[in-house]
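Letters A, B, C, D, E and F mark the chains as written, and numbering starts fresh at 1 in each.
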């Protein structure tokens, strides 16, 4: 159940239409998924969010697009975001994630969930070796 | 501050010694990081956890070892696990993650954090397109 | 799908009836929402929870009732609580939250989600300026 | 680093003194731990929080006091609350939790962290068998 | 809505069949719940996950099986895992959790949620008394 | 302990200098807090993050600046972000949050943490009244 209503005719608003057109052009598809449709309840929020998603996810960068979608899906599962798990696993599949890679993603994510809970309970001191070469500047908190 | 004490002489226990030896052999290094040292407070927990970490993270699998460490670090940040963020970013760097890749990882993770909160507030219906080809079997909940 | 059954006739129990009557009187409405209906599966839990919600949310306090509902909804989205997001956004709307305020709430919440993930990954030291004037007493942990 | 200052002389405020006296009497100890000392920055918050903690944790109830502290510690680790993990593991130990029980607690909590992430990624439908006997009343959401 | 499809005939794969047979034998029931059915999308993941769940939850250990299921359910609620809350509350009931114990579980879990948020906002220093007797070894982070 | 090093001379990079100058001008202060100093490890991330924080938090909008900082701090506590809790409580205080308002913020946030856990365990159906007037468009997930 959504908490906001999408506009009755979203593309009547030229700012919404511009974003939707850009989504279609970027993806080479007519499909506008519900996240964008509902986000159009506030044109500013839509414009700013799409600009960032396009810059981070659609522009070439150091990481492979498929890997970026897999990281996105893993964080979304950790945060319990149903919609995001669906949309980013679908995007990862569309960008070539194999079933074996998906199983591996789930395995790593599940193991992280496990040792995150363990380390948050045990709270071992961070090893000096992990921060070798990391400089600390600015006022320290302690 | 840890919540448990590591054994005074962990390798006096042959099960702990076997795990520590295997950690050293697997990594080609003498370094035993604190997570394992403290986990040795219970030999069973140590043995089972290392077996799983070795199987998932050290064995060849569909995903690149560096990518697996980056996914691990991203989930750990989402879960607020200080120790795990440190250890898995260090591992990713050791496996070749460049500074540009780390910045990209942070960018994707941060964007996921953002849209996870948005989608959890807006709750748009999951698009049929995302679940095309996904079969549902077994008793349904509704 | 709920995990507990509400009582068949909740108001047959005088303690439940007293809470439901007080909910109706406090809100000036006959509507008892499902959170309270299901919580009535255990009268003690219902009595104690309503007493606290009434004291914190319905009594006059330093913050505006609308603002309190918006904070409540933001925390609920961060915690992935579907029911709570719905109920507290509805309450904020009932207390006058405009659509522009709701969009602003979503914007702030989403940005917090983003920089929370970033700061949990980067872990910058807390600036001395932030804790100026904050006194530390009692035994210190380190 | 705390975000608030405890009162310079907390027990100069009779409401704070009454709570601190009751904490001492309830526990049979002179020790006031920092959570209460800092919470005294706002006497209302202190009074209400202690009343609830005393009612839930110190009064006899269906569950064993030691088990209640273990559940509390597990939830605290899931929520990444450093202070709470420490205080409730210490309380569980004080109420008789053995080292073997603590290891078991960690094992269950870690496994839950793992399968929570898996199920949040896979999202299997809830089995009808799990909700057999659970009645649904009130207006349904769909 | 699941994100993966279970195999059309899961038990055609002998590794899946072996796990399902062991689940049935361990539980003394023909019922295979959806978590396992869907996890069978990847036989390795199924085999490894069941081995761990069986070892932790079905083997005798320091904690009572009912208590272990209650801890599991509490962590699952903290992590917002709908499926897991259902399956582990059902398991706890099957192992004898009374309605009064369930209400007590909810009370403790809810109180933990409350004070976790409070302590994460106030950030009181961890008391020396909580870590008395806990030894710190290995390289310290500060 | 940070996971990245800030640049040795951050303002030698003109893009970093431009952001730091804008932070100083926007706030009317010479103080650059550590989040920005460390984020300068990647100039792109710094530029994009500051642009968004400035747009959302420093520009006039439907909500009061103080209220926005309080919402930010509440979400940060829910997400266990130590740095963010400190920085946004400090910002809220700088924008006029009184001690009584801070106590009220903590009270609401803590209550939300409590009922979020309760509702995530009980999972009551969302009331029809909460979604009255909310339109659903696009392909439905069920």
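As a working rule, a contact is a pair of C-beta atoms (placed from the backbone, for glycine too) under 8 Å apart; a residue touches a chain by one contact, two chains touch by 3 or more.
These figures come from a predicted structure and were not determined experimentally.
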| item | value |
| --- | --- |
| Chains touching both subunit B and subunit F | A, C, D, E |
| Remotest chain, subunit F as reference, centres from CA atoms | E |
| Pair of chains joined by more contacts [C-beta pairs], C-E or B-C | B-C |
| Chain whose Cα centroid lies at the greatest distance from that of subunit B | C |
| Distance from the mean Cα position of subunit D to that of subunit A, given in whole angstrom | 32 |
| Inter-chain centre distance, subunit B versus subunit D - centres from mean C-alpha coordinates, in Å | 26 |
| Of all residues in subunit F, the ones touching two or more other chains | 1-4, 33-34, 37-38, 41, 45, 48-49, 52, 74-75, 77-82, 85-86, 89, 100, 103, 106-107, 109-118, 120-127, 129, 131, 136, 138-139, 141-142 |
| Pairwise touch network: line, ring, star, complete, or other | complete |
| List of subunit E residues in touch with subunit D within their complex | 1-4, 31, 33-35, 37-39, 41, 45, 49, 52-53, 56-57, 61-63, 67-68, 70-72, 74-84, 86-90, 98, 100-101, 103-105, 107-109, 111-127, 129-131 |
| Touching residues on subunit C, where the partner in the complex is subunit A | 80, 85-86, 89, 99-100, 102-103, 106-107, 110, 117, 124-129, 131, 142 |
| Contact set on subunit A toward subunit D in their complex | 1, 73-74, 77-78, 80, 82, 85-86, 89, 106, 109-118, 120-123, 141-142 |
| Residue ranges of subunit F in contact with subunit A within the complex | 1-6, 8, 33-34, 37-38, 48, 52, 55, 126, 131, 133-139 |
| Sites on subunit E touched by subunit A in the complex | 1, 3-4, 41-42, 44-45, 48-49, 75, 79-81, 136, 138-142 |
